[in-house]
Amino acid sequence: MPLVTVTRLLRFSAAHRVHNPALSDEENTRLFGKCNNPNWHGHNYSLEVSVTGEPDPVTGYVIDLGLVKRIAEREYVDLVDHKNFNLDVPFMAGTNPTSENIIIACWRRLEPALKPARLSRLRLWETENHYVEYEGR
Amino acid sequence: MPLVTVTRLLRFSAAHRVHNPALSDEENTRLFGKCNNPNWHGHNYSLEVSVTGEPDPVTGYVIDLGLVKRIAEREYVDLVDHKNFNLDVPFMAGTNPTSENIIIACWRRLEPALKPARLSRLRLWETENHYVEYEGR
Amino acid sequence: MPLVTVTRLLRFSAAHRVHNPALSDEENTRLFGKCNNPNWHGHNYSLEVSVTGEPDPVTGYVIDLGLVKRIAEREYVDLVDHKNFNLDVPFMAGTNPTSENIIIACWRRLEPALKPARLSRLRLWETENHYVEYEGR
Amino acid sequence: MPLVTVTRLLRFSAAHRVHNPALSDEENTRLFGKCNNPNWHGHNYSLEVSVTGEPDPVTGYVIDLGLVKRIAEREYVDLVDHKNFNLDVPFMAGTNPTSENIIIACWRRLEPALKPARLSRLRLWETENHYVEYEGR
Amino acid sequence: MPLVTVTRLLRFSAAHRVHNPALSDEENTRLFGKCNNPNWHGHNYSLEVSVTGEPDPVTGYVIDLGLVKRIAEREYVDLVDHKNFNLDVPFMAGTNPTSENIIIACWRRLEPALKPARLSRLRLWETENHYVEYEGR
Amino acid sequence: MPLVTVTRLLRFSAAHRVHNPALSDEENTRLFGKCNNPNWHGHNYSLEVSVTGEPDPVTGYVIDLGLVKRIAEREYVDLVDHKNFNLDVPFMAGTNPTSENIIIACWRRLEPALKPARLSRLRLWETENHYVEYEGR
């Protein structure tokens, strides 16, 4: 049976500060530059959620992408949209909100919530000039 | 010798109805929602056709992308553009035209037509918010 | 006081057939080509709704764009999304659903519904290669 | 002599809170919803700076767009990029940073700085779903 | 009768050198920087051709956009696509191919060719970060 | 430890001629069509540089994307931007500048320069309708 990957995009806007509190202010400035602004800055994030599987012979769907959207909104997007990643997001507490750490934390929430469907890839755009990808490995 | 993947995008507009005639109307509505509208709806589809191989030492091409375009138009795009996937496309007859089933049927037409070049991936965007991918496995 | 124009985009997918029933089939084919397919085709439409006015000194808004979205959905998008412009849309009955006629009919619904705000421009993309604009004149 | 409009795009990322301190918290929540989050949120902004004039017969330019970029960066983008509109931007102090108020304040900085060239339009995208325009009137 | 503006996009790729032969090499370098490279550089241009008029009561079209495309290709795009603006384009001979001069020359070819339809605006993107507009005035 | 792929986009504009000097003019025309124009043509290229690794526990970065940008500019983009691939780029001398050959040459420059980070993928868009990918194999 053929294996198809289906992807749903979701968008959200959030504030953050790239900052490691274990380091000095000077070190934070050196490492993170303008992304370390203590008064925050923010982005329009775009998240691509991919599920891989065989299309169901009855529906022709690997998974209903409306369901992917609802799960991703309930488990992730509604918790971060128009929020501050450093202050408002319990499952990111104590984590430096780089794109890398954001996508790993997102995986940990969406992977179990999408089961029995198999989450196979997340892609997160922070600006139109850079993005990160994670496949759970 | 290096293996490079080259990709050509093609666009088409088509109508469809996501519908399984083996199910009741109620079941179709429950499963497919507004995509089951009996009077059809439609999309601007964007199809990415990828071929993988070693660049030819004479041309520097894995394959002439103009040839990929001509084959993809002749074997696929010209048969679906400004058509109805449920009514007008013989090789989709009896198939529920979800994105998953559309991309599998597209593979079956393009994979032999592109030989000896190796079709390695198809990606099909149905809207700017979702897409499907198939690698022939 | 400064005049600012604010714009909200909305997206919908619909089927249509460009067709004038007062003309012969041959004439329809000659005029409209593949857009005249009797089995329909469809598009992902993108609609830009613009309102012009002075920002309110209390809110800093010309108009809450969330309100523009809700009005545009209730009065227009919900009536055409995943529908057939020729069969399903009462206020287009008897009208050939070219982009030009679609945008004029859209204006006639949104202009009064947005009052007292002033609708100043509609832009409608039918594909990524063409769009139409109307300013109510 | 022909009048041509030339436009340069610039991008920046910033945090903000849509908030009127003269109103109660309840009123702010009612008016601004999730945009009123006290811990801020943010966006990738895209700014289009347009200058209208006759092309110079020696250069063929209305204005060197590299100069537009440098002026816009020095006078505006460098002051707001990776900043908080409410806390970090002196010329927005006491102003509710809606897109409308942001674009008016931007005009007041760029219009004199670009002289003798004539700034004719600013367009500011806050997300890919909404933008504002101002022509100085 | 309502006035609607309809727009067709066309794309082409061309080489050019921004250069004024009446000036010294030093002056050309100072004015045009890397755009003055004697060995050329190039762009993917995107051209938006707008026609304004009343929709025809028989067709519902201001003008058939397929006709706009054919005229724009025959009169302009086919003469510049995969060409060098300085060397290959007779109607640009002796003209410094800035975006401003390109769009004015394009207008002079398309405006008469589209008659009796009324060309109302050209927009030319040279990169995704800048564009020019001309309305024939 | 999780493996994340981070990607930075860079853009440049260049001229080229697809041409194999070992072949006759007729053969070059037959193989490369309008891309063989002796007076060159050009493109806006978009390059995606991907690095795969474990996020550093101190920074939360696989690699600072600002560093990726600086290395890619110094080692590649600054050498090709506003240049002619056939005439101006020493490391492409004697190489037919197809997208395939461009991306392989780019890999050979960036892969050692990014060490100890691991370059995992390059993607190069030549127009919005085609792109090539290379993973170093």
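Note that the chains are named A, B, C, D, E and F in the order they appear, and that numbering of residues resets to 1 at the start of each chain.
Rule of thumb we're sticking to: a contact is a pair of C-beta atoms (placed from the backbone, for glycine too) under 8 Å apart; a residue touches a chain by one contact, two chains touch by 3 or more.
Because the structure is a prediction, the values reported are computed rather than measured.
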Practice problem: Find out how few touching-chain steps suffice to connect subunit B with subunit F. | Solution: 1
Exercise. Would you pick out the chains that touch subunit A and also touch subunit B?
Key: F
Quiz prompt | Copies subunit C and subunit D touch via same or different residues, half shared test | solution = different
Exercise. Identify, among E-F, B-C or A-B, the interface equivalent of B-F, where equivalent means over half of the contact pairs coincide by residue number.
Key: A-B
Quiz prompt | Whole-Å gap separating subunit B and subunit E, where each centre is the average of the chain's CA atoms | solution = 34
Quiz prompt | Inter-centroid spacing, subunit E versus subunit C (mean Cα positions, whole Å) | solution = 28
Self-check item: Two or more partner chains touched - positions in subunit F
Solution: 128
Practice problem: Spell out all pairs of chains that touch, sorted by label. | Solution: A-B, A-D, A-F, B-C, B-F, C-D, C-E, D-E, E-F
Self-check item: Contacting residues of subunit D [partner subunit E, same complex]
Solution: 2-9, 50, 55, 58-62, 64-66
Quiz item: Which subunit E residues qualify as touching subunit F in the complex?
Solution: 11, 13-16, 34-35, 37, 39-44, 81-84, 87-88, 127-128
Practice problem: Over in the complex, which subunit C residues touch subunit E? Could you list them? | Solution: 18, 20, 22-23, 31-33, 95-101, 103-104, 128-137
